[in-house]
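Below, chain A partners chain B and then partners chain C, in two separate complexes.
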Partner chain A sequence: MTAVARHAGIAVRLALLAALAALALFPIALTVTNSFMSEREISHHYGALQSSDSSGEDAADMPTERVSIRWVPEVATLKAFGDVLLNRPKFLTLFWNSVRLTAPIVLGQTAVGTLAAYAFAKLVFPGRDKLFFLYLLTMLMPFQVTLVPNYLVAKQLGMLHSYGAIIWPGVFAAFGVFLMRQFAAGIPNSYLEAARIDGAGHFRSFFHIVLPLVKPGMTALMLLAFADNWNMVEQPLLFLTEPFRQPLSVYLAQIVSGEQGVAFASSVLYMTPMVLLFLYGEEQLVEGIQRSGVKG
Partner chain B sequence: MKRKTALRWALGLFFGGLLVLTFLSNTIQSLSLPKVAVEKPTVGSLDLSISEDGFLQPAYTAPLVPLGNWTVTTVHVKKSDHVKKGDPLLTFDTTTTQRSLEDEKTRYEQLQIQYLQMQEALKPLLRQGDDEDAIEKQKQDLQVKQLDMEIERRQIADLEKQIRDGEVLRAPFDGIVSSLSVEAGANVSPGQSVCTVASDASGYQLVFSASGDAADALQLGGNVKVAIAATDMPQTEGKDLPAFNGPGGRVLDGKISAIESGSGQSGGEGGSDAKTVTVDVSGDGLSPGLKATANIPQQSASPGFKIPVDALHSDDSGSYVFVATAKEGPLGSSYYAVKAYVNTGEQSDDTVVILSGLSPDERVVTDSSEPLSDGDRIRLE
Partner chain C sequence: MPLHRLRRLRDSGAAIAFLGPSLTGFLLFYLIPFGAVVYYSFIDTPIQGHFVGLDNYRLLWDSASFRKAFVNSLAFAGAGVPILFAFSLALALLLSGAMPLRRTFRTAFLLPLVVPVASIALVWQALFHWQGALNGLLASLGLTPVDWMNSRWSFAVMVIVYVWKNAGYNLVLFLAGLANVPAEQKEAAAIDGAGPWRRFWAITWPGLAPVSFFVVVMSVVASFKVFRETYLVAGAYPNDAIYTLQHFMNNSFQNLDYSKLTSAAVLLAIVIGAAVYVLFRAERLAREAEE
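On to the complex of A and B.
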C-alpha cells in the first residue's frame, strides 16, 4: 500500500466520521440556534408541526406538509428564554425538581459505589465474586424489567409518590459499583499491604490510599450518573403522579405539544448544566473510562 | 486551570441565576404580565328595567297674576293649601286704581261739560244758518268729544271691573297652592305671577329622563309603578290624606303619557339620545313636589349572553371582546387574550347582550391592569 493510498484512506475515514459527528450534533445545534428565534418565526417555519399537533390526531399522523428547517434566525432574540425564565414559574419548579432528584442520586451512588468497590476489589471474603456477579446481573438487565419490582418494593416501603422511590434505587444502582470496582482493582495491592504493615486499618487505607487514587473514577462516575439521571423519564412517570413534582426531563419528553419556541429555549437551558459539567470534568471522565476499561 | 475556573464560574452563575429567578418568579410574572379579571357570560334577556326618581308635578298649574299695581294687604292661604274654586287667595289694596278711577270719572265729567258747552255754541250758528262750514266743523267737534267720552266711559268700566274682580284674588279651580311668591305689604304689578294653583282635576305627572335601549323599549300607555316614600311627604297638615299602603310608602299606578326626544334639552344625563318620559299618576291626596320613583320592569326582546359593558370594545371592524384562552403546555396553562368580534344586542347602563360571537364556556376579560392587544399573554386574577 502506497503512502498516497494510505493517506486517501485516512481522509475518507475522517470524512465519514465527520459526517457522522455532524449528524449526531445536528439536533443539538438546531435546538440552540432555533432557541433564539421569535415565536412568530417559529410558528411560520414549523406551523405545520403545530397545526397537525393541535388537531389532536395520532402522533403517527405526521404532518404531510414538509417542514422547512431553518438554521439561522432572521432576528435573533432572547424572548423565548425570557419567557421561559420569567413567565413560567413552572419551568423553574421542574428544573429544581430535577436537581433535587439528581443530586442525591449522584452523590449517593458515588459514595456507595466507592465503598462497595473497595470491598469488592480489595477485601477478601467468601463468595465475593459470586456476590459481585449477582450485583452486576441487575445492571445487565434492561432497566424497564426492574421497574415493576421497584414499584412493588416502593409501595411496600411506603415510598410511592415520593422522591425516595426514585432516589434510593438510583443510589444503589449497580453501575456505580461496577465502574468503581474496575477502578479500584487497578490500585496495586502492594500499596494497601504497605499501609497495613504501617498499621493502617480499613478506614485509613480507604480514605488515605484508595480514595485519592480513585478520584478520577469518582468524577467519571459522577458525570455519567448525572447524565443518566438528569435524563430519566420512566421513573418519574411511574412513581410521581403530581405534575408539579415531575422533573424537567418529563416535560421535555412532552415537548412536541405546542409552543416550540419555549420548547427550544427550555431544551437549551436543560442541556446547559450537563454541557458545563461535562466540560468541567472532561479530562477525568476520559481518563476514568480509559483506566477502568484498560484495567478491567 | 483557567478553563476550569471559567467553567466553575459558569456553572455557579447558571445555578445561582436560576435560583434567584425561582425566588423572584412570582414577582417577575406579576410585573411582566397584565392581570385580568374574567367572567363567564350568563345567558338570558337583558333587564332593561328603569327606576328613576322624580318629583310629582301637577299636570296643569295656573299662574295667577294681579290686575293692577297694588299692594298685598292679606294673604289668605299658605303654600300647599288645598283650595276650592272661588276661595280667596290674596287681597290687594286697590287705592291706586281707585284714585285713577276717580280721576277718570272727573275727566268724564269735564268732557260732559265741554260737550254741553259746544252744543250751546252750535245753537246760534244753526239759528243764523249761513255759515255752513262753521256748522259742519262744530258738529264734527261735537262728535269727537262724544267719542272721547265713550273712551273715557270704557276706561271707567275697566277700572271698576279691575277693582271689583282684582281686589281679591280667587282660586280659579279646586286645587293646591303650589307656589306663593308674595307676602303682606308687597307691591305687585300686573303680569307678575304671585301665586300658582295646581289643578286637582288634571292629575299629577312624573317627568324623568331615560336613555339608551331601556328608553327605546318604553311604550306609550305602558304601565308604571310609581312608589312614593312616606318620609318624603311635605310637612303639611295632611288631614285628608289617605293612609299609605305598607310601612315605607305607597305604590300608585301610572301610565306613560308622553315620550319625547330630549335632545334639545340641556342637562340631560343621557346625552343626545336621552328621552324625556312623562308618566301620568292618579291617586288621592297627592301634592306637588312629592318625591316619587317610577319603576318600569321590562326585558330585552332578544336573549343572548350578558356581559358587562366595560368588557366590550370597538374598532374599525366592529365591536369585540377579549376572550381568555388557555394553551395547555407541560409547563402548565398559559393564558392569552384573544379578540372575538361579536354582535351586540340591547344594552343597559352596565350590561350588554351579545347576540353572536361568543360561546357559553368562554371567559370574557372584564377588566385588565393595562391595555390589551390581540394575542397578549395574560395572568388571570
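On to the complex of A and C.
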C-alpha cells in the first residue's frame, strides 16, 4: 500500500468515527447546552411535547408547532440551576435518596466481592468451581428473575418498602464477586507462595499482597456498580411506594415531562457526579471491562 | 498427613472466612428465595396451597399479555444482539491500529454507558415524539411523519437506544481482542497477497472468538435490561411492540399474582440458563476445534 493510500484510508476512518462519536454524544451535549436556557426559551422550543396528551380532543386544536432543537441559548443563564437547587426541595430530597441507596451498595458490593474473590481465585476448596458457576449464572439472570425472590426475602425480614429491600440484594450481587475474581486471578501464584514461605498467613497475604494489586479492579467495580445503581429503575418502582422515598432516577423522567424549564438543569446536576467519576477512573473502568471478558 | 492435604485443610478454613459474608448473602437473598419461587410456582396459593403440577405454567402461557411480553423480549434480543454485535465490531475495527485520537473516541463511545438514561430521556422524547424534531425533519423534506413511539417503529427506536447505550462496553472488549491478534501474522498474510477481507476472516476473526462469546453473553443480558430505557422513554404503558417481560412482571406485581409471577420467573430462568449453557458449549467446541 502506498503512503498516500494509507493516509487517505485513515482520513476516511477518522471522518466516519467523528460522525459516529457526534451521534453518541448528541443527547448528552444537547442536555448540557440547553440547561443554560431560560425557562421561556425552553417552553418555546419544547412546548410541543406537552400538548400531546390532548389526543382525544379535536384534531384542529392540536398545535402545529413541532419541537425545534436549538444548540445555543439566546441568552445563557444559570437561572434554571438556581431554580432547581433553591426552589425545589423535592429535587434535593430525591438526589439524597439516590445517594443513600447507591453508596451502601457500591461500598458493600466491593468489600464483599473482594473478600470472596480471594477465596475463588487463590484458595482450593471442595465445590469451588461449581459454586462459582452458580454465581456466574445468577449474575446473568435478568432482574425479572430475581425480583420475586428479592421480594419474598424482604417480606420475610420485615423490610418491605424500606431501603434495605433494595440495598441488601445489591450488596450481595454476584457481579462484584465475578469481576473481582477476574482481577485476583491475574495475580501470579508465586507472589503468594513467596509470602507463605516467609510465614505469612492468609490474612496477611490478602491485605499486603492481594489488596494493593486489585485496587484497579475495585475502582472499576465501584464505577460499574455506581453507574448501574445510580440508574436504578425496577427495584424502587416495585419496592418503594411513597413518591418522596424514590430515587431521582425514577422521578426525573416525570420532572422531565412536567416541568421542562428545569428538566435539562436537573438532568445535568444528576449526571455530573457519574460523569466526573468516569473521567477520573476511565482507565480502570476499561481494564475492568476487559477483564470481565477474559476466561480465567 | 501429607503436606498438600494439610494445606487443603487450611485453605478450606480460610475459604470459609473469606467467602463467608458473600455466601451468606448469596444464599439468603438469591439462592434460597429462588428455591421458594420454584416451590410457589407449583402450588395454587402461597398460604396452605395445594400442589397443582404445571397448572400455573399453563395459565401463564394462556395469558395473552405474557405471550406478547415473552415474544417481544425474545424478538428484541434476536434483533438487538446481532445489530449491536456488528456495530461494535465495526467501531472496534475502525478504531484499531494506530488511529489518532483513539482515546478521545473511546471516551466518547463509553460515555453513554455511564450517563443515566433518565437524564436524557427528554432528548429522546424530543426526537421521537409525534411532534418531535425527527418528524419536523421529515416534514421539511416533504415526507409523511411517523408516530415513532406509538407504532411498530417504537421497537426500532428502542434498538437504537440499546445500541447507543451498550456499544462502548462491547467496543472495549473487541479492542482488547484485536490487540491479541498477532500483527506479524497479518503482515505476513498481506505480503502473501491476501486482501483485507481474506485477512479479516482468516486471521482476525478466529482471534476474536473468545471475546465474541463474551460480547454475545453480555449483550443478551443487557437486552433484558432495556426495560429501564423503555420505561423512561415511553412510560409505564408503551406501545404493544415494546411491551416487555418487565412490564408484565410489574403488572402482575401490582395484583400480587403469585402464580404468574413465580412461574414467569422460573420459566425465564430456564430460558436464560439454557441460552447460557448453549453459548458455553459452543465456546468450548470452538476452542477444541482450534486446538
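Heads up, the rule we're going with is that the second predicted complex is superposed on the first by the 268 of 296 C-alpha atoms of A that agree within 3 Å, B and C clash if a C-alpha of one lies under 4 Å from a C-alpha of the other, contacts with A are read in each partner's own complex, and residues count from 1 in each chain.
Keep in mind that, in the parts below, a residue touches a chain if its C-beta (ideal position, glycine included) is under 8 Å from a C-beta of that chain, and two chains touch if they have at least 3 such contacts.
Source: prediction; values computed, not measured.
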item	value
Chain A as common anchor, with chain B and chain C clashing or fitting	fit
First, second, both or neither for A:Leu25, with chain B first and chain C second	second
Computed vertex angle (chain A) for partners chain B and chain C, CA, steps of 10°	120
Partner chain in contact with A:Leu92 - chain B first, chain C second, else both or neither	first
Partner chain(s) touched by A:Leu213 [first = chain B, second = chain C, both, neither]	neither
Of chain C and chain B, partner touching more chain A residues	C
Which of chain B and chain C A:Gln290 touches, first, second, both or neither	second
Which of chain B and chain C A:Pro126 touches, first, second, both or neither	second
Chain B versus chain C as contact partner of A:Leu237, first or second or both or neither	second
Minimum Cα separation, chain C to chain B, after superposition on A (Å)	12
Intersection of chain A interface sets (partners chain B, chain C)	250, 252, 257, 266, 277, 279
Partner chain A, residues of chain B touching it in the complex	3-4, 7-8, 10-11, 14-15, 18, 21-22, 25-26, 28-29, 32-33, 327-332, 334, 377
Residue ranges of chain C touching chain A (in the complex, touch as defined)	7-8, 10-12, 14-15, 17-19, 21-23, 25-26, 28-34, 36-37, 91, 94-95, 99-101, 104-127, 129-133, 135-136, 139, 164, 167-169, 172-173, 176-177, 210-211, 214-215, 217-218, 220-221, 224-225, 227-228, 231-232, 235, 245-246, 249-250, 253, 261-262, 264-265, 268-269, 272-273, 276
In the complex, chain A residues that touch chain B	84-96, 99, 250-252, 254-255, 257-259, 262, 266, 272-273, 276-277, 279-280
Footprint of chain C on chain A - complex, ascending	10, 13-14, 16-17, 20-21, 23-28, 30-31, 46, 48-49, 51-52, 63, 65-69, 112-113, 115-116, 118-120, 123-126, 128, 131, 134-135, 137-138, 140-153, 168-169, 171-172, 174, 177, 202, 206, 223, 227, 230-231, 233-234, 237-238, 248-250, 252-253, 256-257, 260, 263-264, 266-268, 270-271, 274-275, 277-279, 282, 285-286, 289-290, 292-293, 295
